[in-house]
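Got a structure for you, questions after.
The first chain written gets the first letter, and so on, giving A, B, C and D; residue counts start at 1 in each chain.
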Amino acid sequence: MNARRVRTLTGVALAVALATLLAGCGAFGGDQNTFNPGGDVAERQRDLFLLGLWPAIVILMGVLTAVVYIVVRFRRREGDEMPKQVHGNNRLEIAWTIAPLFLLAFIAVPTVDGIIDLGRAADDDALHVRVVAFQWDWRFQYLDAEYADADGNPLTVPDLYIPVDRQIGVELQAGLNAAATDVIHSFWVPKLAGKQDVMPGRTNRMWFNATEAGVYSGQCAEFCGIGHAVMKFTVTAVEPAEFESWAEEQLAGQ
Amino acid sequence: MELAALVLATGVKAFFQSPAYVIGVPLVAVGGLALMLALTPFELRWPAPIRESDLPVLDDPPEGHPDASEYVKVGVFLAVVTAVEVALYYLDLAEGALLGLLLALSALKFILVVMWFMHLKFDNRLFSTMFTGGMILVLALFTIVLATLGSSLV
Amino acid sequence: MQHAPTIDPGHETSTGIDNRKLLMWLFLASEVLFFGGLIGTYLLYRNSSVAPPCPTDCVFDGVTYQGLFDIPFTSISAFVLLMSSVTMVLALAAIQRNNKRGLGIWLLATALLGMTFLAGQAFEFTEFYHEGLTLNTNLFGTTFFVLTGFHGAHVSVGVLLLVSMFIVSQRNDWTKEHSLNVELLGLYWHFVDIVWIVIFTLVYLIQT
Amino acid sequence: MSGAVIGQQRPTIGEALRRIRLEAATYHGVWSWIATVDHKRIGLMYGATAFVFFLVGGVEALIIRLQLARPDASLVDPDQFNRLFTMHGTTMVFLVVMPLSAAFFNLLVPLMIGARDVAFPRLNAFSYWVFLTGGLFMTASFFTGNPAGAFFEGHLGAPDGGWFGYAPLTSTQFSQGTGIDFWAFGLLILGVSSMAGGFNFIVTIINMRAPGMTLFRMPVFVWMTLATSFLIIFAMPIITVALFQLLFDRLFGGVFFSVADGGTPLLWQHMFWLFGHPEVYILILPAMGIVSEILPTFSRKPLFGYPFVVFSGLAIAFMSWGVWAHHMYTTGLGTTANAAFGVATILISVPTGIKIFNWLGTMWGGSIKINTPLLFSVGFIAMFTIGGLTGVMHSMVPSDYQQQDTYFVVAHFHQVLVGGALFGLFGGIYYWFPKFSGRLLNEKWGQLHFWTMFVGFNLTFQPMMILGLLGMPRRISSYSDGLGWGFWNMMATAGAFLIAFSVVAFIVNVVVSMRSRERVGGDPWDGRTLEWAIPSPPPAYNFATIPTVKALDDFWNTKYVENEAGIPVPVVADGANGDDEEDAGHGIHLPSPSVLPLIAALGPVFIATGFIYHGNPWLLPLIPVGAVTTLVGLYGWALEPVTE
């Protein structure tokens, strides 16, 4: 195999890979596209991803260029002499041990910051919702007192409605009633927020909001058996007034 | 016989539900082994036959190993420590103090057995490194696991 | 696997350590992780049972249930196993001085002490069973039986090996050249003993 | 008197075994393979068996890809799909990459350290047979126990819990049938094999080195074997405990993972990943070792920064114990744990980076021969870099809340395990094939293999990254139209078939090359390490005289000396050519072949079958039968003479 062919083929492969990657990021279609967030949490997560993505692409391009350059430039030609035997270089080693640490610190800080921020409890004035996941469907219960019916039962619906621009505080429960056991599920609305697992036997919490009205599709993200692929739901974000009238209507029908 | 009847009559599940018998299986196996060794098709040489002779019983232990009397001394000490442990259990000590004392004493027993009976005191350091490496690893890992799972004892 | 034959490397081993001894120590280091997992699980689940019976006195639905542990009895068991370590090491000391008869006596003594321990465990298991504790009663039953059961299985394997070694050593002419076999079995036996030292303290004596 | 005769049949069995040993010792015929204790033959059997399982796992992958190629497909139903992807993962990890690495350990470690065999040849044979029986046992699960119906009605009986089998999905309540039992017992049996191998290689490397072969004169591959083996012997016991707990729950009504009884399913995740993350490095470190051998040879330069490559490998092995919870960010571990494990995960990229830079440094300024093994190694560097960088992106916890359990993760670990481990292993096959067959693999077919695999690989897994970012969760058996996933999935499926084509090219290559008459000498690549100093294929005893090692890359130093400018000059007296040693090995004592490891290895499968079907009075007795089989094997093994 001659060097030219190596170069061409490698070049083509790289170009295809890069083009695909960029095309993917550019194609903002799809109901579950994490690159097209509809809420603050998802936006923050996308921004953090991009913060990591660009250095990663730069490093990757650096390594790939170096690999191709080295293989082409130092390929064995006929009548080559033996190369100089270089055993190593301590200064270089120290340099490429230390240098990544700076880069990593650069992503570690926003990472820890994000963990703490997303990990805090939901605000008191948030809309409190209990997400109930079971094989293989969802129920959403509105826990605030104003959404309870005459018997004190919370409003319960199969798809989530939320008002825009209001924080939604979520607690996650596996199994239709707390005593029933179920498998692990994961609550995920890609355009609104990253996922949180629904663990049987413990209550996980998260919060998010929607900044734009619309219908967001969500889906169970933790493998949960035969119905895993069809365990879907939607989150409809509407204006607050519209939400209140929707809730009243639902309560009346419950 | 009773054991065998139990296994065959009710299946393994019932057998295990009465876990007292779990421990009985290996005991039966010991008997089976004796039978097997008696009927073995192999010559019982292990690992290699050596000349037949009446070697004199030596007086001294090999280099690097303590004398038998030392082993006995360690044994007596171990027995005493166990007695102290049980006594402590019956004393009305503060919970924290009891916990600390018991852990310390069992660590002492542990170290004595490992150092003297397993010869780590005298043997190659490689062995100590590997063994303590495993100990530290498992302690670290499960401390973290128990901590993240919110266990009461850590 | 302590008697696995080893190839003659054509020279001394690189470290001067016998291959089989190294193997045994590696095996024990690995066993540390095994028992660590079992003990860790027990510790995680202590006091997590949602139904009686319990190791010590406990209350469910206003009813007090008496604890199952019988400390004096278990202490004797633990003591027996501890003393079997002493007899084991005396067996080694005997064969290191070419004393085949002494080896036989101490091996047999160790095996008998081991079997006494096993019998004690069988008795204890039976008692617990009659008190209503099985593998599927509650978390205490599951974790306790699996942890002590696996330890008991290790003791049983040890007894098996002790008996085998007794037969083989007495039917052959064992001298101090064979002491490595005894030493390796001893390492295993002492290891099983120290695991019980840990279990005895963490499971039986310390109850929070 | 040792052993008085008891009973009349005693000499007959003993005699039969002796005859098998003698026949096998001639190195001809089928018994010489069944009873072999030669590390080279065991290595070859490991490799061949793992390759067959690779084809099985590959077919599973192709069915999965066909199902996902288009929206709303119904080639397989969700139940079959779940079983297929579970077996695909389990097969590829435990029956392909691990044993392929074990094949290389077996073939190379004794040769590289100048030993005649591993420390415990029969234990080594035992490892192989346990792997084979365990692998067959695991695969046999397809044909059993689906409560919905029989295999010939299209119902597969394989495990359906995913390769990490999260509780409580694996409980009897949520997974009926025997699939999970086969899975758990299969992993236990395979664990025995891996652990026995791990012990054996640690002892071999620590104790069996040729004179002068100090630790820091060992090839990097040997170092990586040592690190991997330590990871195996420390990680396997943890999964063993977890699997026993699962089995006690399933078979005997234990409550370890039962939420109703106060158990916590998270315990399973901790135990699994305490094992599972070191396992990832168990899979990748051997490939890193292989690449570290190939690059210097074809660059005609020593490995750049040898001690740094070694130490970074050890650092990776060590740090792999501190990152397991990064598989569990979304399970609600809490802020502190997520932050700590996030930062630890970020840090593990440092030693990985050091390796990549040193490999580039090795090639820099070299005289690089571009052939298949080198291409695979270079492909490894490129693809593994992507795997590593996406790994760092996963360590950014908040953004990982989005990527967790999506195709982005699937893409990431295939990037590491296919683009990394498998590329490295294929490179190793091309590199050492002549050593063990005496023939070179065909270069044209090899390049076809590499380029189709490289392109196919990128076509398959880069689209998966995009799929993950487009919100496609992993392990879904179908998806609806309109999510924007159809195009990328079709692309991935096309890529998968291109990979399949490349594997066919590889098989053709092996067949074509094995039929070729051309033979190579002991040192076709101008190699650097000891294995090239002996003939190809190596004689049973490996080294006629055990070499005395004076330096790192000792064999190279017998061929060349460096002048003042650091340029190697051939040594004039050319006495080091391995071919001179032929027929020199008379009178070397090798351990006798034995069938007893095989007999001992048969037991566990019987025992497992007996336990799984303990309700069946005909199959229940398999437990004692298996126990006795293993005991007979082990006792015979202990009592049988080692050599004769």
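Definition applied: a contact is a pair of C-beta atoms (placed from the backbone, for glycine too) under 8 Å apart; a residue touches a chain by one contact, two chains touch by 3 or more.
Small disclaimer: the values here were computed from a predicted structure and weren't measured.
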Min distance from chain CA centroid to global CA centroid: chain D
Using the touch rule from the top, work out which pair, A-D or C-D, shares more C-beta pairs.
-> A-D
Rounded to the nearest Å, the gap between Cα centres of subunit C and subunit D is 33
Approximate Å spacing (C-alpha centroids) for the pair subunit A, subunit C | 49
Give me the residues of subunit C that touch two or more other chains.
-> 3, 5, 15, 17, 22, 26, 29-30, 33, 36-37, 44, 135-136, 164, 171-173
Subunit D touches at least 2 other chains through residues 2-3, 206, 234, 238, 252-253, 260, 263-264, 266-267, 334, 635, 638, 642
Specify the contact topology among the chains shown, as one of line, ring, star, complete or other.
-> other
Pairs of chains, among all present, that meet the touch criterion = A-D, B-C, B-D, C-D
Would you tell me which residues of subunit B are touching subunit C in their complex?
-> 16-27, 29-30, 33-34, 37, 44-47, 49-53, 55-62, 65, 67-68, 71-72, 74-75, 78-79, 82, 85-86, 89, 95, 98-99, 102-103, 105-106, 109-110, 113-114, 116-119, 124, 126-127, 130-131, 133-135, 137-139, 141-142, 145-146, 149, 151-153
Contact residues on subunit C for subunit B in the complex?
-> 3, 5, 15-17, 21-22, 25-26, 28-30, 32-33, 36-37, 39-40, 43-44, 46-47, 71-72, 75, 78-79, 82-83, 85-86, 88-90, 92-94, 96-99, 115, 118, 121-122, 125-126, 128-129, 134-136, 145, 149, 152-153, 155-157, 159-160, 163-164, 167-169, 171-173, 175-179, 181, 183, 186-187, 190-191, 193-194, 197-198, 200-202, 205-206, 208
Would you mind writing out the residues of subunit A in touch with subunit D in their complex?
-> 1, 3, 6, 9, 13, 16-17, 20-21, 23-25, 27, 29-35, 42, 44-46, 48-49, 51-53, 56, 59-60, 63-64, 66-67, 70-71, 74-76, 80-89, 92-93, 96-97, 100-101, 104, 107-108, 110-112, 114-119, 135, 179, 181, 183-184, 186, 188, 190-191, 193-197, 199-202, 204-205, 217, 219-229
Complex interface listing, subunit C residues touching subunit D | 1, 3-11, 13-15, 17, 19, 22-23, 26-27, 29-31, 33-34, 36-38, 41, 44-45, 48-51, 135-136, 138-139, 141-143, 146, 150, 164, 171-173
Contact footprint of subunit A on subunit D as seen in their complex = 78-79, 82, 160, 162, 166, 168-169, 173-174, 258-260, 263-266, 299-302, 304-308, 330-332, 334-335, 338-339, 342-343, 346-347, 349-350, 353-354, 356-358, 360-361, 363-371, 378, 381-382, 385-386, 389-390, 392-393, 395-406, 447, 451, 454-455, 458-459, 462-463, 465-466, 469-479, 482-485, 488, 491, 560, 562, 565-569
